[in-house]
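Have a look at the structure that comes next, please.
The letters A, B, C and D name the chains in turn, as written, and every chain counts its residues from 1.
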Amino acid sequence: MDISITEYKRCDVVKANGRIDSSTAPQLEEALNSIIEAGRYKIVFDMSDVTFMSSKGWWVLIETQKKCKRYKRGEIILVKVNPNIRDSLNLVGMGSYFQMFDDLTAAVGSF
Amino acid sequence: MDISITEYKRCDVVKANGRIDSSTAPQLEEALNSIIEAGRYKIVFDMSDVTFMSSKGWWVLIETQKKCKRYKRGEIILVKVNPNIRDSLNLVGMGSYFQMFDDLTAAVGSF
Amino acid sequence: MTLRLQLAASNVYTALMSTLRLPGRFESLPKIGEFVVKAARAAGLDERAVYAVELAVDEACSNIIDHAYGGEGIGDLECEVSWQEDKLIIILRDFGKPFDPEAIPDPKIGVSIDELKPRGVGFFLMKKMMDEIRYSYTPESGNTLTMIKQKLST
Amino acid sequence: MTLRLQLAASNVYTALMSTLRLPGRFESLPKIGEFVVKAARAAGLDERAVYAVELAVDEACSNIIDHAYGGEGIGDLECEVSWQEDKLIIILRDFGKPFDPEAIPDPKIGVSIDELKPRGVGFFLMKKMMDEIRYSYTPESGNTLTMIKQKLST
């Protein structure tokens, strides 16, 4: 899995590709934590190239969401979530913790 | 020429297509003015589908830039300017009045 | 790397059964994923069902490493796929510590994000994704988790 | 709409000369643009030069409507293209008021945006975009603007 971070004025866009499972979730966690540790809490996660995500990946997103929303200082927004991933997130009620956008520009523009 | 306006939190994205000449520049002017009249001065002009632009179009952009930059309240940024249009703008020194981006998301993210 | 394939991957489409054995490490998960996705497609499952199988197997294998073995590199993971006319059967075997599936509570759904305890959805997902799940343990054959996906499941 | 084509558009590639006459309205500009772009491509100009011709002709026609006629719908615009081995020649004719090209000042470049006066770059652009521009007026043939683009111009 490759992860890129692009810093914009009001938010950071994180893009990953491939599978996010127990072996790659720590990489995602590290990338998201690096943003939060820099004092930035508005994050767009571009999932257009993420084909698979297990619960280990979801927990990373949940923990990130908790940190970002604390003191209402920000939020992580998901973009272009693969329908299979979206369905499985919704199955355990986790879809409701995230705004999901179909368009990257719209997500960045929402901050 | 079709013109669309998408309002984001901090800026508006205007997208036009085809030729901007003496017959269509007034349409563009109207769209840009409608944003400014709404008290919004951060504008991204997505020119990815604009194939031709005469000086009548440039004046619309220049007037818009003047209004947006007044009181440092905003700016119009151009995105994906066709190289021919860019060259002719630069030929008369007008390219320097605008930030130009190759990526829409980056332009929106700059506000 | 221990890798034993009873039938070559290219034969998977005509095989009745195929087994993959890999070290119990997270880096084995994509390989097991690929293996079961191929099998699920060969069984004629639609892409939604193929994803369901991939996710359930990934969660199950991750649990084996985390809970049965208690960490990476302790023991192997064996994944056996077989198919019948109407269903795909996946059997996962490990030699870690046994557990009682009945004792695992379902996660709470609909709580606020701050009330969420990390972990505890993998097993629930496996049950939701598959049509049937059976678990057995014997000292000789270790832990055996059998997961069944019907071809015409909804 | 007055539209007179001396040679059909499909013949443009073998023609030596072709003329389009349209009402002096801004909505005629895209048609004239299409006409000169076809001619410029037929003349073998590269895409950069084709755009230069399209822009120069658009500015010239727009000026005729704005300044020679003083508005839309007053008189016709005639665009004649002809080509020689090494160049494309475009002649624009109108019967509006004549003007003195020498008297048009070049725009100031490099000033701050607030010092920019709207208008006054069209003619400058035409000169920059084309290799040669000639203007003549006679009461019989009206205003004639001849613009030449060399095939091997830089």
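Convention: a residue touches a chain if its C-beta (ideal position, glycine included) is under 8 Å from a C-beta of that chain, and two chains touch if they have at least 3 such contacts.
Every value quoted in this text rests on a predicted model; they were computed, and no experiment measured them.
Peer 1: Using mean Cα positions as chain centres, tell me which chain lies farthest from subunit C.
Peer 2: D
Peer 1: Using CA atom averages as chain centres, what separation in Å is found between subunit A and subunit B?
Peer 2: Taking the mean C-alpha position of each chain, the two centres sit 31 Å apart.
Peer 1: Which integer distance in Å separates the CA centroid of subunit A from that of subunit C?
Peer 2: Each chain reduced to its C-alpha mean, subunit A and subunit C end up 26 Å apart.
Peer 1: Hey, how far is the Cα centre of subunit A from the one of subunit D, in Å?
Peer 2: 54
Peer 1: Nearest whole angstrom, what separates the Cα centre of subunit C from the Cα centre of subunit D?
Peer 2: That pair's centroid distance is 72 Å.
Peer 1: Of all residues in subunit A, which are in touch with two or more distinct other chains?
Peer 2: Expected reply: no residues.
Peer 1: Once the touch criterion is applied, which pairs of chains come out as touching?
Peer 2: Pairs of chains that touch one another: A-B, A-C, B-D.
Peer 1: In the complex of these two chains, what residues of subunit B are touching subunit D?
Peer 2: 19, 21-23, 52, 54-56, 58-59, 62-63, 65-66, 69, 84, 87-88, 91-94, 96-97
Peer 1: Would you pull the subunit A residues touching subunit B in the complex into a rising list?
Peer 2: 6, 8-11, 13, 104-106, 108-111
Peer 1: Any idea which subunit D residues touch subunit B in the complex?
Peer 2: 25-27, 29-30, 33, 47-48, 51-52, 54-55, 58-59, 62, 65-66, 107, 109-111, 113-114, 116, 118-119, 121-122, 124-125, 128-129
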